[in-house]
Amino acid sequence: MTITSLTGVIPPVCTPLTPDREVDVPSLLRLVDHLVAGGVHGLFVLGSTSEAAYLTDEQRRLVVGSVAAHVGGQLPVLAGAIDMTTARVLGHVAAVSAAGADAVVVTAPFYARTHPAEIARHYRAVAGASPVPVVAYDIPVAVHTKLPADVVLELAADGVLAALKDSSGDLAAFRQVVTGARTHQGITGFSVLTGSELIVDAALAVGADGTVPGLGNVDPHGYARLDRLCRAGEWDEARAEQERLCALFGMVTVGDPARMGAGSSAIGAFKAALHLRGVIDCPATAQPQVPLSQGEVERVGKYLAAAGLL
Amino acid sequence: MTITSLTGVIPPVCTPLTPDREVDVPSLLRLVDHLVAGGVHGLFVLGSTSEAAYLTDEQRRLVVGSVAAHVGGQLPVLAGAIDMTTARVLGHVAAVSAAGADAVVVTAPFYARTHPAEIARHYRAVAGASPVPVVAYDIPVAVHTKLPADVVLELAADGVLAALKDSSGDLAAFRQVVTGARTHQGITGFSVLTGSELIVDAALAVGADGTVPGLGNVDPHGYARLDRLCRAGEWDEARAEQERLCALFGMVTVGDPARMGAGSSAIGAFKAALHLRGVIDCPATAQPQVPLSQGEVERVGKYLAAAGLL
Amino acid sequence: MTITSLTGVIPPVCTPLTPDREVDVPSLLRLVDHLVAGGVHGLFVLGSTSEAAYLTDEQRRLVVGSVAAHVGGQLPVLAGAIDMTTARVLGHVAAVSAAGADAVVVTAPFYARTHPAEIARHYRAVAGASPVPVVAYDIPVAVHTKLPADVVLELAADGVLAALKDSSGDLAAFRQVVTGARTHQGITGFSVLTGSELIVDAALAVGADGTVPGLGNVDPHGYARLDRLCRAGEWDEARAEQERLCALFGMVTVGDPARMGAGSSAIGAFKAALHLRGVIDCPATAQPQVPLSQGEVERVGKYLAAAGLL
Amino acid sequence: MTITSLTGVIPPVCTPLTPDREVDVPSLLRLVDHLVAGGVHGLFVLGSTSEAAYLTDEQRRLVVGSVAAHVGGQLPVLAGAIDMTTARVLGHVAAVSAAGADAVVVTAPFYARTHPAEIARHYRAVAGASPVPVVAYDIPVAVHTKLPADVVLELAADGVLAALKDSSGDLAAFRQVVTGARTHQGITGFSVLTGSELIVDAALAVGADGTVPGLGNVDPHGYARLDRLCRAGEWDEARAEQERLCALFGMVTVGDPARMGAGSSAIGAFKAALHLRGVIDCPATAQPQVPLSQGEVERVGKYLAAAGLL
């Protein structure tokens, strides 16, 4: 893989589990086939939507190895190396690249308090020891720090970072990186990807290279179509498709907030949808997430039906 | 170890590193001897001050194993099992208890979004599989969630938690757990420990069982003396001793905030102080923390001198 | 004014001050003329960029009265009624509508802790007593609450709110209101305006009715041109114009962060630019903001020159 | 009043309202008599617990004027001058000092973004124009900024501030000001007051001069007793009294969080308690707060009964 291949739709792949919470490899590979058939351009395993934060190191290796072997180089496989600080991240980088990942996706330090200078040191140290390109993962809701645009651009110019995956929801800051990557001296081939699945049309319009939509697990055809429409400049049709996907995304709110957090509800809904669509065998989510109730799963089904997916 | 033994001064033990950032076991054991000689009542390895977030799994095991073997049951060894969610924490629980930890210290889920119901599920699952008692670790600055007092008390009443280590800085909420632990039906032998090293006298006055002071690495005798004075009801002398320690704590601000984060400054200062006092061989901190400059280290020395420790 | 007129470019009008911090009415009216000549479609006085939080009640009345009399109904004048809670806001509503405002712009309660149910009560009470339409002002950076999309849509459906001015920077949530306003039963004539001056093209593409750009003070022609290009579907030209304006916006960072806050820097830069362009007599900002240094003002001049405005 | 008189119990006085939300002066004066009979040492009107954020300027003046005239110099009357920035605060300072306030209580700027340098400028400008001493009000939950201890001490040393009222809940930072005020060159007669009604014993033990307990409206005798016990060094009895008051404080949680915010619940409970105790005529709270239900009021009554106050 060259870093210039990071364009198009690269969904964060859900990690199907068995009822006793082991990785369900057959379901995982069916999900990969479903995504490839949907027209996606790459796969991002071990992201937040993949429940990377919940998987053991062995489970993580199993996921990367299974997916990489299954796709056999057909399309790039990015793998999260999600951990608190440099040395721990480097352990994951070694493991997932040995298991076949084409690039690693790395956040700012978390749990530990951090600072822009330390974030830069972190990425420099990771990239210095990584056998594959490093993608910065900006996800303030998880790490409680926003990657500063100037730090990202400086690291891009120095060849430390190959791409940015931005899940901050802040399109103005995203645009700053997009235009900076185009105009900043010394940056070539840097990809800027958005994780904001509800404003993909807007992100592509401002110049994003690609998108990493969690909802793409449920409807990969929709996101592939949206990507094509945007690239063709068919903005009105793109907006209509995006709005259809926004309505479908409403499924993430089915979980009762008195009984569970927003993560349990969202991941639970995606997995319930994949189960209802016949892609995976079991909708279980990892501990300590709270499972959806029967009624909540039925509401997921209604979202699918309304979007013409059932 | 029985859970009732969690009283007194239980410092979070710094993890000395070699210049190439491996665990420096001889220095670690000298630090343990220094703490025991200082009169502490227990040891907490792999806490935040121990740079647990920065250590690899192998380094963590080495720390626990070395310390547990060295103290040989003389005093209780608590070990952090710091990770994002249940399955990952359970891996650490198994490792550190096998290596000799007498209890494990576990935070709420982090990185993943969470919810009080999920926090309770998390602790129940961890305790259900842990061979040693579980201590809840409330550290909002790291995990970005505050453990609700009612959740802690409910888990204490159900025998899930053996103790609380509270690093929230919120003494009113701490007091709610302290008095709840005394009055709540079904709670016996639950220990409430404060990590707020600047208000130990106040925490013991409201009923805390013990204290977990990061600064106790630098001046264990001071914290042991403070603990004795409080237990003897010598509140004026206790306040004077606490104020001396507060002045010494000023060392955590030596690092230039334009150049590094507050964590780099604080951990860097503790390690510089241990190095200046001759306890450890090298003041290196883990990546990606920024090292103190020579001038900043000299300022640490002045704090030591002012406190009569050099 | 009817509520359907809230489209196009409606800049938040800066409030020029004299060196002793009184409202400089002649400069204010020259600024209004500059904006009208630039092609704007409405004026928003007493917004955050207008330093409403810094002006006394008398100064506020003077601003609204002067501007409303000057434009004489040529274009709509919206006025902020910025205060902590209902009764205080109603005092401002009475004052600014008596002074000639065509609509009032009202935030969620602040300083006081709040709740979605209380936000809804607040807007219902304000609208119930206001002689002019009420525009909701979503500005989390100031009030530390995000207006929930469902609350906004419910209030729109009930005729409580005439429009939303969204300065949250969250385009996905903004889109939820835009599409909700189109599809929600019972909503007619509700305007959705963005305050995000760096993503106006994107906001209009997702369906915004208009924009409220602080930078529009400095370059109203630019924003009017951007608005026209977007409405004409000339998206590539729109993007180029927006990027030119983004570069110009860089002026808000001229202030030294060791010496002043981001607000002092941004408002100071806008006023310095207006002074350099000859629109206002004095660049003073209100107390306790820190003034820009001579060197910082010179950097503002370079931004103007680079954008062809000097 | 001299600034040295700011010691002891200085409750933030609730503002009783009529059913149509006007200030109920007879009830207010009965409340003042109730507090004075309870043994308090000063009165703080127009604080957060007084619903200052909800009162119009006229209502504020009426409150200060009525209370100051009623107590006639018997004990000091502090008045909040709560507003966003300098010029607006100065308007309140003039009004409340003209109405008889002996000191004004002023927060950091809010709504507007701020910075330590701007906070210092703010207090210097306010104090420069205030005819009465200025008390800094540290209430991060309302203004979303914490007053830095070094800024407070610098302003105290320069004679800008006469006292600090700390409602941050952060006892370690509070202690830093307490000890700094004692040891910092040039500071004399500076009072440090805590607003943390659940840890009054601890705050006095670390050296606070006094306390500003919202719950003191409901049980002034309790807080006066607690103050006496602490000053007499009867720490065990003090702790028992504080714990009784903590249990009583539980009333602030009676409101259903699905239906109202924490402020509505807390202020609603205090006023319901004062109504149940026969001190005020009507428990109404200001708009847009949500009223307690009948059942919630009954639960307030149970807290009173359990504390022996009914």
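Think of it as A, B, C and D in the order they're written, each chain with its own count starting at 1.
The definition used in the following text is that a residue touches a chain if its C-beta (ideal position, glycine included) is under 8 Å from a C-beta of that chain, and two chains touch if they have at least 3 such contacts.
Going by UniProt, the chains are A, B, C, D = Dihydrodipicolinate synthase family protein.
Since the structure is predicted, the reported quantities are computational estimates derived from the model, not experimental observations.
Enquirer: What is the minimum number of touch steps required to go from chain A to chain C?
Expert: Step count on the best path from chain A to chain C: 1.
Enquirer: Roughly how far apart in rotation are chain A and chain D when fitted on CA atoms, stated in degrees to the nearest 5?
Expert: 180
Enquirer: Which chain has its C-alpha centre farthest away from the C-alpha centre of chain C?
Expert: B
Enquirer: Between chain D and chain B, is it the same set of residue numbers doing the touching on each side, over half shared, or a different set?
Expert: Since more than half of the residue numbers are used by both chains, the interface counts as same.
Enquirer: Tell me, please, which of C-D, A-C or B-D gives a repeat of the A-B interface, judged by over half of the contact pairs matching in residue number.
Expert: C-D
Enquirer: How big is the gap, in whole Å, between where the Cα atoms of chain B centre and where those of chain C centre?
Expert: The mean C-alpha positions of chain B and chain C differ by 49 Å.
Enquirer: When the C-alpha atoms of chain C and chain D are each averaged to a single point, how far apart are the two points in Å?
Expert: 35
Enquirer: List, in ascending order, every residue of chain D touching at least 2 other chains.
Expert: Residue numbers touching two or more other chains: none in chain D.
Enquirer: So which chains actually touch one another? I want all the pairs, not just one.
Expert: Here the touching chain pairs work out to A-B, A-C, B-D, C-D.
Enquirer: Please give the residue numbers of chain C that touch chain D in the complex, ascending.
Expert: Per the stated touch rule, the residues are 21, 48, 53-57, 59, 82, 84-88, 91, 109-115, 117-119, 121-122, 125, 141-144, 259-264, 286-290.
Enquirer: Flag every residue of chain A that touches chain C in the complex, lowest number first.
Expert: My answer: residues 169-172, 175-176, 179, 196, 198-199, 201-202, 205-207, 233, 235, 239, 243, 246.
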